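These are the structures in question, set out in turn.
The following pair of complexes shares a single chain, subunit A, combined with subunit B in the former and subunit C in the latter.
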Partner chain A sequence: MTDIFEPEIVAFCCHYCAYTAADMAGSKRISYPPNVKIIRVPCTGKVDAIHIMKALEKGADGVYVAGCLEGDCHFKTGNLRAAQRVRRVKALLEEIGFDSRRVEMILMSAGMGERFAQTAREFTEKIRELGPNPIRSAIQEQARRAAG
Partner chain B sequence: MITAVRKPMEEIIACVSPYDRILLVGCNECVSVCSAGGRKEVALLSSALQMHFLKQGKTIEIREMTLERQCDPEYVEELVNYMDGADAVLSMACGCGVQTIAARFREKPVFPAVNTTFMGASERQGVWSERCQGCGDCVLGITGGICPIARCSKRLLNGPCGGSTKGKCEIDANVDCAWQLIWDRLKALGLEKRIEDVIEAKDWRTSRDGGPRKIVREDLAS
Partner chain C sequence: MNTRKAGSQTVLVIGGGVGGIRAALDLAESRHSVVLIDKSYAIGGLMTRLDRTFPTNNCDLCTVSPHLSESGRQLRIDLKPMTVVEQVEGVAGDFNVTVKTMPRYIDLDKCTACGECAEKFPDWVRFTPGLDPRAPTCMRYPQATPHAFSVDANKVTDFDALEGVCKVGAIVPDDREKTETLHVAAIVLATGAELFDPAVLDNFGAGKYPNVVTGLEYERIMSASGPTLGQLVRPSDGKRPARVGWIQCVGSRGINRADVPYCSSVCCMYALKEAVVTKERFAEEIETCIFYMDMRTFGKDYERYLTRAVDEYGVRIVRCRPHSVVEEPETGNLSITFATDDDARHKTEVFDMVVLSTGFRIPESSVALANRLGIDLNEHGFAQTSGFAPVATSRPGIFVCGVSESPKDIPETMIQASAAAAMAGAQIYLDENEIEEEEFFPPEQDVSGMPPRVGVFVCDCGSNIGGVITVSRLVEKVRSFPCVAYTEAVGYGCSKESMNRMEALILEHGLNRVVIGGCSPRTHETKFQDMLRRCGLNKYLVEIVNIRDQDTWVHMDRPEDATHKAMKMLEMGVYGVCRAHPLVEHSLPMNKNVLVVGGGVAGMNAALLLAGQGLRVYLVERESRLGGIARNVRATLEGDDVGRYMSDLTAKVQAHQKIQVLLQSIIVDHKGMPGRFTTGIQTGPRMHYMQIEHGVTILATGALAHRPGQYLLGEDDRVLTQLDMDAKIEDDPESVRGMDQVIMIQCVGSREPRNPNCSRICCQSAIKNALRMKALNPEMQIYILNRDIRTYGFQEDYYREARKQGVQFIRYEPDRRPDVRATENGLVVDAYDDILGCRLEISADAVVLSTGLIADDETTEELSVLFHLPRSDDGYFLEDHVKLRPTDMSVRGFFLAGTAHAPKTIRESITQGQSAAGRALTMLAKQWINLGAAVAKVDGAKCSACLICVRACPYNVPFINAEGYSEIDPAKCHGCGICAADCPARAIQLMQYEDDQILAKLDGLFERMN
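Let's turn to the complex of A and B:
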């Protein structure tokens, strides 16, 4: 039997929009893949490039940062800063030959429960198509070799 | 501050790939302020290198350190306990920091991870511009606080030249004409007449024309 690849996805979600949208999805009984692990942040502006890189380095198959719609940031421009940082991380990943499609910035409002679920489904499917994070495979291979 | 930008990853990877244990050293001064080689950038570069080598099936050990000031021997001394555990040093400081480490630890290869770029000031968040070329004979006092050496493309002491158009330099429409800025500033100060004073030819011996420079303060030197 072939194992179905279940990606592990880290979603940095802004407390004021995406996190509330996830809550909204739950209230509306809209299901989304359990592959998405949510990390609540006070604003996506708090998400640093190193947080995204560490998630990938530790083996996450995909990472997305979900912030408020343009002009709606509770802290004015945190979402725009986050988008710039995501672009920077994507460029760095390209430089080391790592598929930058594993990282995305997504915008939504607190009321978009359906969009949150849809984003989670679409991103999960995209990562499933890309396959496992090659770093994770390398870490597992090393662990196997170390165990003899 | 001294500004710098990270070198392309390809170049950094080529430098460190023969080694298994890297000491990656940042600096808490200028390169931290211009977000090129401070603690955050050290962490980011370390992570990127780890990911690259893991993908190649190679494990490398990277120790991250960020010194208070890499151009100062007393802070570089803090590395002494970590050198035995490193095959090579990768420095994210300016060229001064890299050379201070290289001079102290002569037996270790030291590689720069940034290109030191210029002495500049912060224009706004994320934007730095050249402001000083360290000519050794400052003329800011007679040019309204705007440096024609660093900011005029031709380093003219008596400008502007014919390439100044609507306040911009002929090399690039986004570059301000330094002499336009000097004129505007002198006018604001009520010192327009000063533009007619001829600034005499500069003695460049205080600059690089005199070879590598040194400051010796006898009251401080030990």
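Let's turn to the complex of A and C:
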């Protein structure tokens, strides 16, 4: 494989801010890497640690949770809870020797199309540098062995 | 009422700014038909051009834009953009209004806002600037309503070419101006105002120096989607300014040529906001300085905003009115020369940018419109209303709200809009027995237990999607996904033709799940949900995959990657929708009774309006008589007789058959859900207990007249409050006439650490009393010691009149408060005069303290516990959204009116009383309470009652029930899912976003990858 590594990234975006910001980036035609796939949630407060862990387990190279700016949460404090949860997940990942930089919490308002795109670019670049998710490589290895 | 004859059921709303939209939505939700017209080609008005709004500094567009798209969608609203009123005939209840619609040259039903026409012929077509990256004033406003282009026929040179690019055939080259006559029962005027153009002034350099901008232009420069993409740079050289200065009252509060005498009410706050946001968002070290005459931060919690701006953000405020702005031609810098009260010498400071705070102006076109409507305007060109009928114009049946009535900010516009809607709706007789209009959807088929048969329909949206990826190729790939029974490319999926085709295909192939590959669910989900319902499928069985906004629009330059991503996104959608199941939207019958707590002016107005609509109202008052604090007021600033008004109002309330007045009554318990509450009351001298069943609750418990023990109040009977003086002038005019010298002290017990907010009403009551005292004894010397004079709006006229009559206004600073002493010869007040720079000793026959209002902390605390309602720090009830929902409370079914919300005048309390009634009617018009479906559900078997959800919920909904597990009332759940994410036992699932749906999407994404 001589191709440059194209990471697969999952972005959990809240309906009211980050998802709208992604639409804004669209309507303003601001491009960002196609590696990022969005899963819409009503509020980042809905994003469970298990969702993040499962995404990594299934093979995501990076996961970020994108919610409203502080004080802007449609559900008062969902974004802050999400941030707290992301911190917990990161600590947990560190404990098991997994690079916690693969998981981030990001805040933006609905109008920040530019920021959405920039975040996607920066995060993708960072994950590209970190290389493939070791779990995914292991799964692929296993699959190869099973096949061979 | 005789106006309530069967006839027109429709209300005409003129003007589609936030006020008009709110009024139209309220009316539609109250089961009235509405025609909403706007002269522009999209609704939205001024607010959609703002960057962020005070006091939260949020971008509130995400809050207002659902309102906008809501009004496009509402079945009862007939939206007519590019339409103006020609003529109005008839009387209230039976108007014939001739309206003229300009040609748009676009068929609104066909246009999908794909943008092909704008792409090819950018100069010929118009769209709301939001989506238009070229427009110099573009705004972050992705939901233009109507969501369609319009053609500027003057610029089109070749209509055939234009028709050629439109794939859906929406271009109508022979579109003509149309005139029609509308039969309406009432009219709501909400045309707003323009902002003053300071270029007509020659002293501030607007339009001459590039770095002099208006407040709104500065707002655009700061905006993330503005012309500079959110970079704060000055127009002359694109450099970030290091020093920005604001000049207040440009064109307002003046007597010179081009000035208007009134205060525009909003500029102090917006200048502060702009300065704070400059510091917050850009750089702390940018110096910001506001030159002002009086800092008018009189709204709810606005004074705190001022304090924060100055103390925390370091915004400098300088009291003075600069004479002029002069440009240094070589640098583009601007120098402002000014003199302050405490220093007579002129000073000059240099700024990189100067922002002119311009206020509202009624345009000529509104004056002409008023003539056509046959309504009176006041001397400033705003719609004339009377003191106790704040939203009624001079012509019965025509109501007014927003800036058309007087300068005001967004929350006050919202309050007035709901009031105007309620008053207009009251012109219409609605038959209570009228069967609720059913939307005609066939019965839903039961798909549970059936294996998923997914239909995938992919739009090309013209070249928006189809120009980047080959939709037919994508469709082929999708066919191989599990559970996919049918796929097809559908062109413009949202067009009528495509929808018809998809409906036929769903039935033909027995599809029970649908995935749409198209644009954003934010704008189009409802449309496709309705399509499913027409096919007898539950609306939660559709998944919209946003391959336009989040794929082809952003990866135009890499079609291969875009195709791959679209495939992945669709696969996620298919996997997700397979796990979707039909959801029932809960509903319960609505109880139509109303509980109004508080029998003051706001509560009584709300009660009367609702009882007039045939609803039963329980009016609970803790005192032994109705009237509240307004009973102690004799006259308003405008000279209206409050006493007579109050006795009329009280008599009407007491005589009304539908109103049960419960005096000496207190609330003791409360339970139930919005639309079905039960409240226990102890009533009468014997505290008899009774229970009331009601659907909504209006809180109008008022505030207290403040009487702080300062300045000898309560010790010396020559020291009075403004309220005491108000009564004395009326009841004992002789003793007032005998006074030679009177001193008033403002902000007593307000704007200080213990009560940091402004009481709003005191400046006008001081001026009111001063003018009345001057009328009794023109020789009387009156001194008003003040920190700022906050006579907002037209109150400014009376401030000017008071100065003209010789009332002396002396400024004091909080660190040099006046002092009041009682001597044998009378009272003596020591005050420091900034202008003279020395202490003054003034003797006085009376000292009148402007003590204002203070929250009724005990009452609001008690009720907030009983009803689970939030309060602000200073003890007032807290509304659901300070900007857009000032009358609604965070618990559905609770509405707020009068001084329980914040200090306000009688007129403002009446408005909010009517507003609360209007908001309540939007709920009471429904026969059923729809509780929605996206709510959290607890699996009792898994729950271990650990209380985590109880603590996590931002709305305190979960509780541990008698069976010992957590229960979430679907009526109260807001659907955020925080509890579901926090539950360690995974006992809670958020419907529509269940864990297995989310995990299935991940499976779809990683399916072929591993």
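We adopt the following convention: the second predicted complex is superposed on the first by the 147 of 148 C-alpha atoms of A that agree within 3 Å, B and C clash if a C-alpha of one lies under 4 Å from a C-alpha of the other, contacts with A are read in each partner's own complex, and residues count from 1 in each chain.
As a convention for this text, contacts are C-beta pairs under 8 Å (C-beta built on N, C-alpha and C of every residue); 3 or more make two chains touch, one makes a residue touch a chain.
What you are looking at is a predicted structure, and each value in this text was computed from that prediction instead of being measured.
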Subunit B versus subunit C as contact partner of A:102, first or second or both or neither: neither
Which of subunit B and subunit C A:128 touches, first, second, both or neither: neither
Superposed model, subunit A: greater residue contact from subunit B or subunit C: C
Contacts of A:71 with subunit B and subunit C, given as first, second, both or neither: second
Partner chain(s) touched by A:138 [first = subunit B, second = subunit C, both, neither]: first
Which superposed partner A:16 touches (first subunit B, second subunit C, both, neither): second
Contacts of A:54 with subunit B and subunit C, given as first, second, both or neither: both
Doubly contacted subunit A residues - partners subunit C and subunit B: 48-50, 54, 139
Residues of subunit C touching subunit A in the complex: 56, 58-59, 61-62, 130-131, 133, 140, 142, 223-225, 229-230, 520-522, 546, 548-551, 553-558, 561-562, 564-565, 568-569, 572, 934, 952, 954-955, 974-978, 980-982, 986, 990, 993, 995, 998-999, 1001-1003, 1005-1006, 1009-1010
In the complex with subunit B, residue positions of subunit A that touch it: 48-50, 53-54, 56-57, 92, 95-98, 134-135, 138-139, 141-142
Complex interface listing, subunit B residues touching subunit A: 8-10, 13, 40, 43-44, 47-52, 54-55, 57, 59
Contact set on subunit A toward subunit C in their complex: 8, 10, 15-17, 19-20, 22-32, 34, 37-43, 45-51, 54-55, 58-60, 69, 71-72, 74-78, 81, 85, 109-115, 117, 136, 139-140, 143
